[in-house]
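Structure first, commentary second.
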Amino acid sequence: MSNHRRRRHRHVRRRTQPGAIPGTIAPDPQSSRPQMQAFLYGKGELVEHAEVQLSEVGGLIGKQPVLWLNVDGLGDAATIETLGNLFHFHRLALEDVVNEHQRPKVDDYGEYLFIVVRMVHGLEQVTSEQLAIFLGPNYVVTFQGLPGDSLGPVRERLRQASGKIRDYGPDYLAYSLLDATIDGYYPVIEAISDRLELIEDETLAGGDEQTMQKLRTIKHELMTARRGIWPQREALGLLIRESHPQISAETRIYLRDCYDHVVQLIDLIEVYRELLMDLRDFYMSTVSNRINETMRVLTIVSTVFIPMTFIAGVYGMNFNPHISPWNMPELEWYYGYPFAIALMLGTVMFMVYYFRRQGWIRLRWLFPSPEPPRHPE
Amino acid sequence: MSNHRRRRHRHVRRRTQPGAIPGTIAPDPQSSRPQMQAFLYGKGELVEHAEVQLSEVGGLIGKQPVLWLNVDGLGDAATIETLGNLFHFHRLALEDVVNEHQRPKVDDYGEYLFIVVRMVHGLEQVTSEQLAIFLGPNYVVTFQGLPGDSLGPVRERLRQASGKIRDYGPDYLAYSLLDATIDGYYPVIEAISDRLELIEDETLAGGDEQTMQKLRTIKHELMTARRGIWPQREALGLLIRESHPQISAETRIYLRDCYDHVVQLIDLIEVYRELLMDLRDFYMSTVSNRINETMRVLTIVSTVFIPMTFIAGVYGMNFNPHISPWNMPELEWYYGYPFAIALMLGTVMFMVYYFRRQGWIRLRWLFPSPEPPRHPE
Amino acid sequence: MSNHRRRRHRHVRRRTQPGAIPGTIAPDPQSSRPQMQAFLYGKGELVEHAEVQLSEVGGLIGKQPVLWLNVDGLGDAATIETLGNLFHFHRLALEDVVNEHQRPKVDDYGEYLFIVVRMVHGLEQVTSEQLAIFLGPNYVVTFQGLPGDSLGPVRERLRQASGKIRDYGPDYLAYSLLDATIDGYYPVIEAISDRLELIEDETLAGGDEQTMQKLRTIKHELMTARRGIWPQREALGLLIRESHPQISAETRIYLRDCYDHVVQLIDLIEVYRELLMDLRDFYMSTVSNRINETMRVLTIVSTVFIPMTFIAGVYGMNFNPHISPWNMPELEWYYGYPFAIALMLGTVMFMVYYFRRQGWIRLRWLFPSPEPPRHPE
Amino acid sequence: MSNHRRRRHRHVRRRTQPGAIPGTIAPDPQSSRPQMQAFLYGKGELVEHAEVQLSEVGGLIGKQPVLWLNVDGLGDAATIETLGNLFHFHRLALEDVVNEHQRPKVDDYGEYLFIVVRMVHGLEQVTSEQLAIFLGPNYVVTFQGLPGDSLGPVRERLRQASGKIRDYGPDYLAYSLLDATIDGYYPVIEAISDRLELIEDETLAGGDEQTMQKLRTIKHELMTARRGIWPQREALGLLIRESHPQISAETRIYLRDCYDHVVQLIDLIEVYRELLMDLRDFYMSTVSNRINETMRVLTIVSTVFIPMTFIAGVYGMNFNPHISPWNMPELEWYYGYPFAIALMLGTVMFMVYYFRRQGWIRLRWLFPSPEPPRHPE
Amino acid sequence: MSNHRRRRHRHVRRRTQPGAIPGTIAPDPQSSRPQMQAFLYGKGELVEHAEVQLSEVGGLIGKQPVLWLNVDGLGDAATIETLGNLFHFHRLALEDVVNEHQRPKVDDYGEYLFIVVRMVHGLEQVTSEQLAIFLGPNYVVTFQGLPGDSLGPVRERLRQASGKIRDYGPDYLAYSLLDATIDGYYPVIEAISDRLELIEDETLAGGDEQTMQKLRTIKHELMTARRGIWPQREALGLLIRESHPQISAETRIYLRDCYDHVVQLIDLIEVYRELLMDLRDFYMSTVSNRINETMRVLTIVSTVFIPMTFIAGVYGMNFNPHISPWNMPELEWYYGYPFAIALMLGTVMFMVYYFRRQGWIRLRWLFPSPEPPRHPE
C-alpha cells in the first residue's frame, strides 16, 4: 500500500512552493548531492573525468570540440545555480531541472536547446525518471535525479569510438542520449507483455480473485509508460520540423529514426492497452457466466426436489383413512408406498425431460468431462 | 444538499437579463462593495496604498512606471463604470468582469489586453473564482469577487523587491499574477489525490455504501478544476503565439513556462480522472463479486439440505406398514432410524464431493482465513 | 406519446419534395400567413409600422439609414417570393427560409449575408424555432415561423433608443438579434438544470420507476438545445474571422462577445450532459445494489430456516421407537421436545454467528436505523 | 438469414482479382447488360434518345451544348471500354465504375471530373447503389448498376425545361444529379425514423424478444446510410473549395446548398443513432428491472411461507406428549390447533410489516393498478 | 496457447539491443539466409534471374532501364550490408529492414525512397509480414523475411508484359508492388467476414461457450490487419502530396487509386469491427436473457409448490382432534382429504392466475413452440 501511495504522490508533489519567484531552484530535499562526470572528445581523442569538481567545470568548456557533462543528483541548489551561470542557462530551465515532473518537451533558448525526456525503469514495477538535456554549440549537459540510467551504452560507444560517435558534434551525442532513453522503454514494455500473457493464461484457466487487481496494476504501469513517451512524440516532431542551428541535417535523419521508434512504442502501448481491456471484459464475462451457470444448476436441483417433497408432505398428512373411503385411502393400499415412490420418480423424470427439452439441463453438467478441473483448490 | 444545489446553480445563474443592452453592468446583488488596493512601483521604489478611494484612482495613473490596482468585490455598478471610464475599458469587458462565470480567455482590445482566468480554492470542496486582468501600457487592473485570493506571494515579492519583479514592466506583473493563479491549482489537485487514495484504501478493504457517492463528488470537483484550467491552455497559447505590444519577448519566455504548467495540470487531472474511473469499475466489480459469492454459498447450503429434508419427509409419510410388507418396512426395521440418518449423511457427502469436483465449493469458504475480516461491522 | 412523435418528426419532415427544382419555395402548409412589422430608424428618429402590407415594402427601403422588416409566418409562397424579388435574395436562400430545419449557418451572397440561427423556447419542454436573417447594406430582414420570439428586448431598445442601438447601422441590429437569440438559451438551460436537481434529490431518496424515463427526456432536450447552439459556434467564428463589408470593426467586437456566450453555453450543456450521465449511472447502481441487498437478506432468512425445518422433518419421521432402542429414542425421552427445540436454536445461532463472521449479515439490517425510511411508499 | 448474408457480403465481394492489372475492367457477372439513354439539349431545344446503341454514341458528342448519357447496367466490359475510349476516360476511373463499392469521392482528371456517390433505396430495408458521374466540358456521363434510380425528377425537369435547367451547362446538370441523389436519402431516413418510433412505443409497452434484434437491424441500416453520405461531405467540400474549370461560380453556390443538405443528413443520422442507443439502454434497463422485480416478489412469497412451513413441521414431530409434560403439550391443548394457526398468522404479519418497513414490499405489487397490463400475452 | 504467445510476442521482440549503435544490422537469428531473384527489363525485353549471387548484383545495376532485386530472408547481416553499400543505402534504413516490426512509412533519403509496408496472409489466422522497398532512379530493391508473398501477380505481369508494366519506370513497379500488397488484404478481410457470419448464425441459434473467445480472436485479427493498413494511409498520402523526383505524374494517379483502396479497406475493417462489437453485445444480452428467463421460470415453479407444501405440512401436524372440536376437525371430516387437495389446487390456480395477470408467466413457456429446440445438446 505504502509503495502505491508513494508512487501516486509523485505525480504531483515536490513542486516549488505555489507563488514562489519564477526560476526558484528548490531541489527535492530527498535528492542526493550532485556528482559530475565529464567526457571531452573530438575526432581524435577522448578524455574522461570520472569525478568533476564544481570548480573544474569552467576549465573544461571549449577544451575539446565536444564536452558532455553529466550531473547525477539534484540535491544542492548552489551547485546547479553555479553550473547555470557558467553555461548561461535560463533560470526557468534550471527550475525545470530540479522539479523532476516536467512533461517531455523541447524549449529553444536561442543559444542552446533545453530538452526534457523521461526514462523508464523496472521490469516488476514501472517507474520513470526525468532526464534534462542542454544542447549547446560545443557541449551537452545532462541532469538526472538518480545515479542509474539508460545511458551506459552511449558511454561505452564514446570510450570505444564505435559507430563514429566521436566524429560528430554535440547534436549527435544528444541524439544518442535520446535514442538510448527511448530504447530503454522496449524491455519495460516487453516485461509488461509477459505479465499480461501470464494473466491471460490464468484467466483462461478460470482466473482468481487477484486477476482484476493485477490487470488494474498493469494498466497503471502502461499508463505511466505512455505518459513518459507520448509527449516525446510532439517534442521530437518539433526538433525535426523546425530548423535549429544546433542540429545538423545528418543528425536530423537520425532524429527521424528516433521519432519512428517513439511512434512504434506508442502503438505498442496502445495494442497492450487494448489487449488488457479485452482481457478484462473476457474475465468479467467468464466470472459472470460461471456464477450464473452454478446458480442455474443449483436452482434446477432444488426445483426437482420440491415436488417430491410436496408428495411426501401429502402422504404425511394425518387424515384418518378409517373415517371415510375418501380420506387418503392410499395409506391403506397394499402397494401404497411403492405407489408414492413411483409418483415421485415419475415427477422427477417428467421434470428432467421437460427441462432438457427447454435446454435448461445438459447432460454433461451432470457427468463432468474428464478434462482437468478448471478451478483447482 | 443545499450546498450542492448552490454550487451547481453557479454554473448558470446571475447573468445579465436575457436581451439586456450589451455592455450592461449588472453586478451580482450578493456581491460585496468594491474595496481597492494599489501598488505603484518602478525600479527604485514602491508605494503601497492599502485602501484607495474611487476619487484617488485618476491621480495614480502614470505616477510610477507600473500601477497595479486590485478591486475586491463587484457589488457596485457605479464604481466599476467609473473605473472603466478612467482607464477607457470597453463596456463588454466590464460586463464580463461582473458576470463572474466567463470562460478563461484573452481579448485584445488594442490599447490593452483583457484576460480572464479562474482561481480554485478549497481542499475539502473545490470552488472556483474569476480573476479579471486588464493589462495596459503602464497599469494592471485586477477584479475579483471575493477578498481571499492566490495572489499573496506576488504582493510579498513586490514589497520585498525579490526576484527583480520591480525591474520589469506591467507585463511581468500580469504574468506573475497568472502564474500565482495557476500555482494555486496544485494544492487543490493534491488534496483531491489524497482523498482518492483514502477511498482506494477503503475500497480495497471492501468499501461501503458511501463509496460511489464519494467518487461521484470527487469526479465533479476534478471536473470543476478542469473547466477552470482547460481554456487557459488555449488563452495562454494565444498570448504566446501572437505578438502583442504589451508583452515583451522576455516575458513571453515566462509565459511559455506558465503554459507548461497548465499542460501539466491538465495531464494530472486526466490521470486522476482515469484513476477514479478505474477505481469505480473496480469497486463495482468487487461489490458484484461479493454479493454473487454470498448468494452462491447460500444457495449451496439450501441445496444440500433439500434432499435431506426430502428423505425426512418420506419417512414421515403415514403409510401403514402393517397392511403389507411393501409399505415402508423401514419404519419397523431394527436399525431403521440409523439407516435413514446414514442415507441423509450419504446424500450430503455425495453432494459436497460433487460440488467440489465442479469447483462450486472451496474448502476455505467454510473455514475462513485468519486474515482480518474484510467487512467489519 | 403523440407529442413525442410530433417532436421527433420535426427533425426530418416538411422538406421540399425530393428532386424538386432547387430554389423551390414550398412553405409548410400548417404555417400561418405572413404578418410583417417594420422599424425604420436613423440616429435621430424611429418610425415603427406595426403592420406592413406587401405593397408598401418597396417604398420603405432606403427611406431611413436602417430598415428592419420582420416577417412572422411562412405560410404563403407568393409573399416570400415577392419579398425576395424586392430585395434580390437568392432563391436558394428563400428555400432555406421556408424549410425551417436548416442548420445554423452564415452564407455570404456578396451583396448581403444570409444568417440562419435557432431560437429555443420552453421551460417545461424544449422546442426550437428557426430565425432567418438577411443583412444588407441598409436593411435587416428577418423571417420566423411563429409569432412569439426572443427579440422583444431589441424592439424595446429601438423604441427607447437605449444603448445607442439607433446610432449604429444594420450590422449592429443583426448582432443585437443574434445576441437576443443566444441569450434566450440561458433560461432554458437553467430550467433543465433545475429539473435535473429535482431528479438528483429523488434519486438520493431512492428514485422511482420514472427516473430513467425522466433522465432520458432531459437528455433529449439537452441534445435539442445543443443541436441549436453548436453550429452557431462555427457560423459566428466565420463571421468574426472573415471580413465582410456589411460588418464594421466595432460590431466585430460585439460579435466576439456573442461568440464567447455561445462557447459558454456549449460548455454548460456539456456539463449538464455529464452530470446527467453520472446521475444515470448512480441511479442504476443504486437500484442494482438495493435489489441485491434485498435478495441477499431474503436468501439468508431462507437459509436460516432450512436446517430448522429439516430437524423438524427428522422428528416427524414415523420410525417405531418401540421396535428397537435405535429407532428415534428421542421421541420417548422425558425432555425430547425441549432437546429438539434447543437443537434448532443452536443451529440458528451457529449460522447467524458464521454468517456475521463472513460479513454476510450486519446487525443494522435487522434493526433498521432511525433515519427516515429511504424508500417511502 | 440468406438476405442478411448477401447484404453483408456486398461490403467486400466482387472486386477485381487481387493483383490484377490496374485498370482491369472486371464487371460483376450478375450485373445486367448496359442500356443507354441520352439527353441532348441547349437553351432552345432538347432531344431525348430513350435507347442509344453503342455505335451511335460517338455521333452524339458535341451535337448540342450538353449531352447527358446515362448507362444502366455494368455487365459488359467491352461496352464500357468502348465508351471509355470515346470520351478518353482513364482506365482507373473505368475500373472504379464497375467495382461498385467505391467510397464517394471526386477525382480530378484534368479534362473531366470523376465523381462517385451512393444512392440509397428502400423504406423497409436500406440498400445502396453506386452512381458514377463523369463531368466533362460538354457532357455528363453517368453509370449505375441497376435500372431504378433517384434521378427521375431531373429527367422530368429537363423535359419540361422547368427551373431553367436547360439554360445552364453540364456542371448544373451534374449538380442536379448530385442533389437528387442526396434528396433520395430523406425518405429513407424518415422511414427509419418511423420504424424507430414504432419500436419506442413497443418498448414503452414492455418490448418483446425481438426488440434487441430489431434495434440491431435499424442500427446497421443507419450505418449503411451513413457510410453512403459521410464521404460525400468531404468530396463536396473539395468540389466547392478547389477551383475546377468545369464548374462555374453560379453552380458553386448550388453545390454549397447541396453540401448543407449533406451536413444536415449526417446530423440527422447521428441524432437517430443516439436515439437508438438510448432506446437500447432503456430497453435493457427495463427488462433487467422487470426481471429483478419479479424475482424479488417471488422470493418474498417464498420467504413468507418458509417460517409457517417450519411451524407446521414442528407440530408434525412425533414426540410423545404422554411421556412427559415437556413433550409438545400443545398437541393436547384444547385450543392447540388455533394456537398454531395464530402463531403462523402472527409470523406472516410480522414479516409483512418488517418487509414493508424496509421498503421491500409495496402494496401496489399485490393489488396491481387498474392501468392496462404492461405485458399483455 | 503457445501459438498465441508467439504471435503476441512478435509485436515487440527481436529489436536491436537497447542502446546499440544506431544503424546496427542485427538480423533475427531465426530468419533464413537471403535468397535473391532479379528482373531486369526495359520496353523491349526482360531478363529474369531466378537466383542471384551476391557477387553478381553489382553487375546488374544499370544494365537495363529497370532492375528489380528481391531479397527473401534477412538472416545474414553481411549480405544486407554488402547490398546496402552497393546501392548506397543509409544504415538506418538497413536497420529497419532487418527489424521486421516497423510501422508502414515512407522515408525520403534524397537519392532514393525507402518504403515500408506490411503484407497480411492467412485465411484461418491472420499474420503480417514486413515488405521493405527501396525505390531509386533505375532500380527497385525489396526485402522480406519469408519466401511467400503477395507479389506473384506482379511477376507474372512482368513476364507477360501485360498491362504495359514494362513500358513504365521503377516508380510504376513500386506502385504495382504496393498495389499487390494492398490487394492481398481483401481475401483476408473477406475470410474474417465469413467467419463472423458463421458466428452470427451460431449466436442467433443460441451460441455456445466458445462464442466469446472466438469473437475475441477475430477482433485481434481485425486489429492486426488494421495495424498493418492504417499507417499506409498516411504514408501513401505523403507520397501523393509531396513531389518526389522518383515518381512521375502518371504514377501519382495510380498511387491515388491505391490510396482509395487503403481508405476503403480501413472503412471495411471499421465496419466489421462494429459488427463484431454489436454481435458481442447481442450475444451477451442473449445469454443474460436466457439465464434470467430460466431462473424466473424455476423460481415460479418453486413458488407455486411452496404454499401447497405448507398446507400438506399443516395437516401433518399431530394435534389431537379427540381432545377438542377446535383441534384439526378436518382430519376427522368425511371429505377431509379431498378438501385439503381442493385447497391446494385452489391455491395453485389463484397463483397461476395472479402471476399471469402480472405478466410473470406466459403460457408458451409451458408449451414450448414446435420450432426446433434452440439449444440442442
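Order of writing sets the labels: A, B, C, D and E. Residues in every chain begin at 1.
By definition in this document, a contact is a pair of C-beta atoms (placed from the backbone, for glycine too) under 8 Å apart; a residue touches a chain by one contact, two chains touch by 3 or more.
Keep in mind that this is a model prediction, so the values were computed, not measured.
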item: Partner chains shared by chain C and chain E (touch criterion as defined above); value: D
item: Distance between chain centroids, defined by C-alpha means - chain B, chain C (Å); value: 25
item: Chain centre separation in whole Å, for chain E relative to chain B (CA means); value: 40
item: Per-residue multi-chain contacts in chain C, two or more chains; value: 295, 299, 302, 306, 309, 313, 316-318, 328
item: Chain contact topology (line, ring, star, complete or other); value: ring
item: Chains listed in ring sequence, where chain A comes first and chain E follows it; value: A, E, D, C, B
item: Contact set on chain A toward chain E in their complex; value: 150-154, 157, 162-163, 165, 175-176, 179-180, 183-184, 186-187, 189-190, 193, 197, 200-201, 204, 253-254, 256-257, 260, 263-264, 267-268, 271-272, 274-275, 278, 282, 285-286, 289, 292, 295-296, 299-300, 302-303, 306-307, 309-310, 313-314, 316-320, 323-324, 326-328, 356-360, 362-363
item: In the complex with chain B, residue positions of chain A that touch it; value: 1, 4-5, 8-9, 11-13, 15, 17-24, 90, 92, 95-96, 101-103, 105, 107, 109, 206, 209, 212-213, 216, 219-220, 223, 227, 284, 287, 291, 294-295, 298-299, 301-302, 305-306, 308-309, 312-313, 315-318, 328, 330-338, 340, 368, 373-377
